[in-house]
Structure formats: C-alpha cells, structure tokens
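First the structure, which I've put down as structure tokens, then a few questions once you've had a look.
In order of appearance the chains are A, B and C, and numbering begins at 1 in each one.
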C-alpha cells in the first residue's frame, strides 16, 4: 500500500559512501506508478550506485527507500519479495552463457518462484516475441549480438512480472545500429504502463520517452523537470554546462 | 639455551615424545645443517633456474628455426619426464661417465661432480624449462598496442624492450613465476634420493638412530610448510609492492 | 588474446614433437652406444627387449596410482574448495588453512608420512583388511592433489565475472542456487586445463613411490639393473627408457591441455 506522501518508488535523503568516496550525497526522488523517469549525469555521479541501492544490491548508509510500501533499507528486508517487484537490466547484459535464451528467461520463475514449467515456458516464448526475438529461443548468448543479448536480458527480468524496471546504462556497450532496437523495446514497455527508472546517456530517448528527467552530479540531484522544459530551459548552470557538452 | 634443551629431555621422559633434535647436541647439529643445506640448495637452484628461463626465453625469439625448436624440445623433455628420474639420470647415468679426480681434502679419488652439484644442475634445468614458458607468455601478454605506442614516441627497439615490455612482462609473470619457485623449493626435497644431506636426509639419519620416526616426520612437515610459507609470503609482498592499480586481474567475490 | 603462434600451430606441433623426440632419441642412442662400446656383454637393445614387458608393467602400475590419486584428490578437493568459498568465516578459514597446508608440504614428505605412519592393516568388525604400501602411496598423493583441486576450484569461481552474481541475485536466486546452477557450470571449462596440468604433475611424482619401497617402474628398473650385473653404464639407457615412457604418455596430454586452454581463451 502506498503511503500518501510518497510515490510508488520513493527515495528520501539517501547517502552512500564507498571507502572514502561519498558516492550519494542525499538524494530524494519520487516516481509515480506507470511513470518513466530518466537519470542523466556525468560519470561517477552515483547513478549506477543509486540504481543498485533501489533493488538492495548495495546497502545504503543513511536514508530510506520505499517501493510500494516495502521498506528496502531495513536489515530485515525480505529480499525475495523485493526482487519479485523490481527487475533490473545491466550495461553488461550478464546473461548466463551456459543456457539458451529461452532457458535464461525461464530459469528464475521456475527455480525462485517455483512456478509451473509449462506455464513459464509459454510466458517466456511470449516475452521473446515481445522483444522481437522470435526464433532465437535455442540460441546461446555467445551466438547473439550485443543488442539481442540485451533484449533477452530485458525479457529475463520481465519474466518475474515486476512492477518496476530499472535500467543501468543498458545501451552504453552497444553500437549505434543495435542501440535503437533496445531503446524501442524500452519505449514499448513504458507505453504499456511499466514504471521505469532509466539511467542513460541517450538524450534523444530521454526527451521522447520519459515523464521526468533527473540530472545528478556529485551524488546529488541538481535539477529535475519534464523533458520539454528540461532540455529547452535548464535552470541550474551545472545542468546547462552538462547539456552543452553532450548535445 | 641449555635450560631449553633440558626441558625437552625431561619432556621426553615424561611423555615419550622424543624431540631429540632439540635436546641432543649431535642431532641438533645435524638437523640445523640439513636446514641450511635445504635453504642453500633452494636459493642456488632458484637463481640458476631464473637464468635458464631468461636465456631460454631470449633464444625462443631467435630467427633460426633450429634454435627455437631445440628450445621447445628441451622444454618438452623436462616437462614431460619425472624430475626424480632426471636426477637419477644425471647422477647415476651421467655421473659414472665422468672421470674421478683427486680430492685435495680427503686424499681419495672422488667424483668430479658431487651429488649436490648434480642435484643443482638437474633441478635448475627442470625449473628453468618451466620458467622459459612463463617468461615467454609474460612477454607475449604485453599488448602490442603498448609496443606500437612506444615505437611512435620514438623509442628504439632495445629501449622499448627495457622500458616498456620488461616491466609489464615481469608483473604479468609474477604469479606463475612465484608458483614455480615455490614448487622448486618443494622439489629440492628429491635430492634426498641421491644422499644430498638436506633436511629430510638429516631427519632420516636422526630417526634411524633415535627411533623417533613419528616426531621427526611431523617436525619435517611443519618445517617445510613453514619454509614454503615464508617464500609465499615474500612473493605476495613482492607482487603487491609492484602492483599497478587497474592493471591485471580483478577477482569476483 | 590470440597469439601469432596459434596460426602456426599445426606446423609448430609437428616440429616441436619432432625436435623433442629427436633429442630424446639422441640421448637414448648416445647413452646406449657408450654402454655398448667395448663391452663383451649383451647390447643395450637386447637387454631392453628382454626386460621391456616387466618395465612396462611397472609403468602401468605408476599410471594406476596416478589415476586413483587424481580421482580421490578431486573428490576430496571439490568440497574443500567449496569450504574455502563459504560465506561462513570459520568454514572458509578452515578450508583455507587446510588447502595451504597441503599445498605447501613437499610431496615426498607427505608420502613418507602416509607410508610410515599409517597402519599396515585395518581391523573392522573382526575382519582384517590389509593396507598395502601402494594404497598408502595413493593416499599420500591424493593429499596434495586435493589441495590443488581446491585452489583450482576457487580460482575458477573467482574468475567468473561479478555481473553473473549480480544478475542472479537481482533475479532472486539465493547463494546456493546461484552457486550450483549458474556459477559452477561455468567453472568446469575453466578448471579443465589446470586440472589436466595437475594430473600430469601427479603422474610424474608417482616415481617417488620407489623411495618408500613401492614396487613401481623405477624400483623395477633398479632390479633389472641388478639382474644385469649392476653395470653402471646401463643406468643411463635404463633411465632414458623410463623417461621415454613417461614422455610418450605425458606429451599428448600436455598438447591437448594447451589446445583446451587456447579454445577457452579465444571464446572469451
């Protein structure tokens, strides 16, 4: 059950330090259900760490993270319950190389959720179709291109039927031709009503697909606004400098 | 010190655990001599095997096909035959063929090459063969891009080799080289078989006299593990001291 | 990382094996010639032909010991390796110390300990089960094998990219599921070359069993030598023959290991 003053995904004053380096310096944000937000910013501004904090891969030092009523940052967190609600796709796809595409998608629902095999297989095939990889069920990751592997990775996360999808610079390791396929897949997801948090360098994508754009630097959110406003009229000088460098 | 020795003698009388190599003068001398000989044997073979490795790696880059393949043949033989048989071959097989010379100290005819020297020769060639491979792969693992970059900056061939390739190659090799040297120290143990009075041979002499096989074996085990642990520790320290941040292997969990 | 030498591999292999065999043959012939020179006894070749069956039986015994030691060592080494990887600190510390201890101990000393300190027979439920020397030697060789397999396993697990752990965790797999379904299957390929290398080392070390009185090839070589009147000039050819047997067995294994190493590297 969502608390009245907090979004579906909600971060309040999150801090995280790695050794001596303070990576996240007090970030707060709210994402409504069905919203898509893009997080942009220079390297090292804490974006990847932030994403990993949301699905509890990395514990936070301070602050609170809520996901539809689940408190992520408590030590008593039921990780499995969280992971059913949140899916994540990484820059390096991280498909399991010793399993075929179909098996990669089917593994977690069968082993972790203990769902019926036939049902999972049907769902997996449908997902492959959705990411436009029909016919690649029996292919091993080594036989697929980067963009294809990334789409299988997206399907794999979707197989758990999450409510929120996190994307950590998923197109950064791809060449321009294959990037478009992946971005289109994410766009389809967003249009279907999935709550998405996308860390990305793709400004065009941010402009077209997101409901809000967040700019981080030095572990803080410097500015956030709907894309039209954000790109045409950035308020903060740091935002303007960053945009002038990348656009 | 005599207090310690007496304590251990009393310990023996109390418990029956006979550590004669501590309380008995003669035995103690024997084991200490053996210990130092093991160290001497290890250090000489380490040094010689590194030389064999460096020379062999250099020869493997030779233009002549014959030279290259001879080195490969040498490596193949020493890697695919048992080191103990190599030692026997050198000491018994070849040793007899060499003439005997007058030993100035004892006045008798002694072999020209002692068993210690044969052990050193055999073990150095054995470990050296592995070292050639290690040095060669360390050099080849230096990315070609570095050599090209140095070349474009105007370095001569030998400058590139000395300033760019060798420092990186050395760091590449260190884990494998260290491993090989540790194995070499353990392998010097085989010199026992040709009566080189290293630590195990000394231990055998002691237990033959004092019938304390069990105690000597356990001591021997811990003594060798201790020696090797020191070497491993030293090599780890060297690796860490030479480590370049961001270069080399990064582990998983 | 692709090496230029890979492109020349077939030629390289032929020439190297030719070179190695050439050198081995030269050593053999040379020492035989010296032995035969000016002697009224039987020639070396005659002697070898006479005794070859016995010596080869001894060699097969060495191989048997090597296979058994490797099997036992692997079966024991895998759990030990898993112990080293355990998230429970006391378990991983124990695994670490056991592994390091048996890796650092010289193999001959371990062999001596097993042969001399293990009982010569077992009494179980009134039955006397003999514990022959060669079985003790197998135990003696299994100990360093176990420790090395443990290290090989640990190295293989650590070489799997962290991303695999991360995505498994993100999908909700617990540690046990991740280890057995995702990480370990990927390790088998990585473990094969060092494992085969270890087998080669174990095979070479089986001859040290002769020092503790096990009747294997080297012991028989000594017996053959005595039977032929202990002529010192026979030793070089006899030992060369032993080396040749091991060479013929180990060389193909070594080449196949190299092939596996290359195959695995290129795929990555």
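Criterion: contacts are C-beta pairs under 8 Å (C-beta built on N, C-alpha and C of every residue); 3 or more make two chains touch, one makes a residue touch a chain.
Computed from a prediction, not measured in an experiment: that's the story for all the values here.
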Going by the touch rule set out above, what shape does the chain contact graph take here: line, ring, star, complete or other? line
Need the central chain here, defined by C-alpha centroid distance to the all-chain C-alpha centroid. C
Using mean CA coordinates as chain centres, what's the gap between chain B and chain C in Å? 19
So what's the Cα centroid distance for chain A and chain C, whole Å? 49
Please tell me the distance, in whole Å, between the geometric centres of chain A and chain B computed from their C-alpha atoms. 54
Counting only residues that touch at least two other chains, what does the list for chain C look like? 161, 164
In their complex, what parts of chain C are in touch with chain A? 161, 163-164, 166-173, 177, 181-182, 185-186, 267
Quick one: which bits of chain C touch chain B in the complex? Just the residue numbers, please. 1, 3, 15-20, 22-24, 31, 34, 100-101, 104-110, 112-113, 116-117, 157-162, 164-165, 200, 204-208, 210-211, 218, 232-233, 235-236, 238-240, 242-243, 246-247, 250-251, 254
Residue numbers of chain B touching chain C in their complex, please. 65, 69-70, 72-74, 76-77, 79-86, 88-89, 92-94, 96-97, 140-141, 182, 186-187, 189-190, 192-193, 200, 213-214, 217-218, 220-221, 224-225, 228-229, 232, 251-253
Residue set of chain A touching chain C in the complex reads 55, 57, 79-80, 83-84, 86-88, 90, 92, 94-98, 107-108, 111-113, 142, 153, 156-157, 160
